[in-house]
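Which chain is which? They are A, B, C and D, in the order written, and residues in each are numbered from 1.
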């Protein structure tokens, strides 16, 4: 039995839910999950719907065409329809930090993430051996400030070659250029090591230590052109106290970074996130 | 504009959501909230729906009749329809502990809970002065093991007199009899001072201390005939360590009890809870 | 048996712990709690010690003199010695928000805080009836931008009259002047409704909502001349999601504010906090 | 500069701290950490102390002898002295679940745990390839109910061969026999997938689901002869709701198990745990 996922958003109007659920009835779908959200301030309606197609003779492509013509156009919807069997392809960008990489590859091996990882790209060779241990192609694309454009070209070529759907920056530590962001809008996930908007930019643990906070955090977000200002997907925190040094913050933070990034990857892979107004709707 | 809340559950079937949302369209309701849940194991469908009635000439009573005839009967639904303007009436049962009482009355005065509290009932007079400070009628119904039945009669008379919809046991410390439970099925909320099912019964903090746990908790649940076995509404926890004595556990636990009970009251008052198979569905 | 608390800090040096514990032995004290902390970066030693004085014929004043002469001077210590029987006197500053006030007075009535509250001071009369309900003197000191200096004089006169040791701003919403801060250095506790340093200043819940955070927080801190920049005593957080409106943030935040402020009051009252370099050491 | 760690416990008596810190002064140690705890009920004193030895000509062995003669015997102390350079050797026992194994080996590779892992022992061959990926010797010791004694002999021989200090059961799923427990008293760490004492024994996630809890947990503890009754080292929890299936519980639980077990390993490796009365003192 095929399973599909709808993501829909449009101006809030009367009758959307009735129309969509009537449509699913019509194509003999069995709704297994439906959730919706209305942003009252901005008058936007969001919906996520999963269903099983009980009639094999109705093809997904036909459903798409039918939905577009009979529903989406009249409500002026933005929408996507995913076949749940097709796992999204994720590229991992890394640099020298290995803890998020180990965590993601461990989860990937244990088949927890719902993605395929066809390639790991780095500007350094330090983590090549880890990629090899997990039998994942590793490409080193080194660049300097002056050759960044050239490096980006190589990255984009690799992303095309491997047919990549979304990118995860696992403590990549490099600023992504507007060109690459444009190609993967709301499809590049970063992990920042603070509870944003506190402590954006470099060395957040050091800043947190200096400020004497009692809580540190980590934040996964989609990358936009404004550094550390993109739509937040997930955050989590850990308690610290005066007994903890900066190094303790960093060590505790590693666990936060691992967990928060893994959650964001899973949410994105399962098509549970939608972006608008620089915020996310995260369906449960 | 009148606002109403539907709570519905029935056997899971195709077309329920379409039918209900079509009905709301028909009565010119504007859906502001809809959430549903399917218990896959037991094949039960649950729905909570809020809407604004935009046409004043359609009366709530007529909507009820129409819904019953056109929808509820064909799907064999159990359902309730609440007018959001009618705050539920809550009776507080207390004994000698005052921390939950102070917290509830503080929130009540700050208009946080969405309830009316027409009466406080106790088996002791210790907390009378607190009730008086907040201008709430206080009735002391003392009883012994031998006069418990008589005491319960008086309690039930008071509950009728004040037209009570649900009961909150704010550290009441007495076992509720099957008769009263029967009259208020899934409408008596207790706060137990452990993360159930760990440490049911008396002195849970002492047991937790003895066991050397690193986490203590509190649990709000609907009262059933099995002591501390009723459907759980909400739980929360706090960290403890070897430096904490039993008294520290009790002190930390007071905050848990306050918060967890207040959340449960608010959820019940807003009709966000549904009970089945000794569990709760808690809509967000 | 008298119980005393020492708070000590000085340049880190060999032999401090040995010297202090030998001193306690000498005055026949029985150490019931001792904790210390070294700030390695700044080379500062901190200690908190509680002991029972087993010999009634040794007076606390004599212990003070002896400690000063035999220990404190040679190590160039800053130190304080408290008699645990003397509860600190706390003034509550409030404005129009009542939820923290209700919470503090509820805890005060339940004898949880370890303080005396001889007076509540406000720039409005809105909360007078609550103070009266709890039988605590309430003084309204209204002022405008132009009469702020005069208002402050009246406040200071009240603080002297009631012999106040420390001040709690329970959502007071007014900026404290340098003069008053100077009189109560590290003795004015504020509750700010965000996880500082995120969202300082006005309307933090609105800013948090706009930013699309997944976690909101509250922070209690000592007031310094830099707004919301003082030493942090305690922080806590709550999860939010896209389904929550600004009003939901505010409602969830009320619980955070209550809890975080109550914890800070208790820590200060029990002399568990020490301030240096705009940070706190918070002993457990 | 050599660094050492003392763990001490004995009957609570006057003058212990003074005696120990005077001793450290005498051997020219510079105390970098000291913490103590008194179990008031049982009148037991616990201390953990770290110091740097500033005088190279004083050997650790001599310090041990001196401490024993001059301090430990008069206070009748149980005590241990560790050289911080000697990482404890840890054996991993696994079965078929790989998520804790991946996590531990990832952390081990990132040098987070402060241990050596000379060997992985399993009753199945399923996880051999993971061990090989991380270049750690893997020994499969299969056994049946009838050959359990023989299997245990082989395990013990391996533990001796690799000079193992402590054992970690990473979802090993087999009951450890009293003989092995006796050889490694308070040195076998298990991870149980519930917040003990709730849901001991098999299938705790299923039981938690059935009970309708709103919080699930994981517990690391030292193994004793009573199943899941040993001293608790660390616990953590995650929120669940009616939308989560048993499989969701299991998936969320995997993160809990990973984190809680990793913390326990680190605490044990850094000699921060002490056991008494079936509880732990866990120094920070």
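Note that in this section contacts are C-beta pairs under 8 Å (C-beta built on N, C-alpha and C of every residue); 3 or more make two chains touch, one makes a residue touch a chain.
Because the structure is a prediction, the values reported are computed rather than measured.
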Set B-C beside A-C; more C-beta pairs touch across A-C
Quick check: how many Å separate the C-alpha centres of chain B and chain C? 36
For chain A paired with chain C, centre-to-centre distance based on mean C-alpha positions, whole Å: 42
Identify all positions of chain C at which a residue touches two or more other chains, and write them in rising order. 243
So what shape is it, when you link every pair of chains that touch: line, ring, star, complete or other? complete
Mind listing the chain D positions that touch chain A in their complex? 98-99, 102-103, 105-107, 109-110, 112, 130, 133-134, 243, 251, 254-255, 259, 262, 284
Provide the residue numbers of chain B that touch chain A in the complex, in ascending order. 14-15, 17-18, 21-22, 24-25, 30-32, 34-36, 38
Which residues of chain C touch chain A in their complex? 37, 39-40, 195-199, 211-215, 217, 231-237, 241-243, 245, 277-282
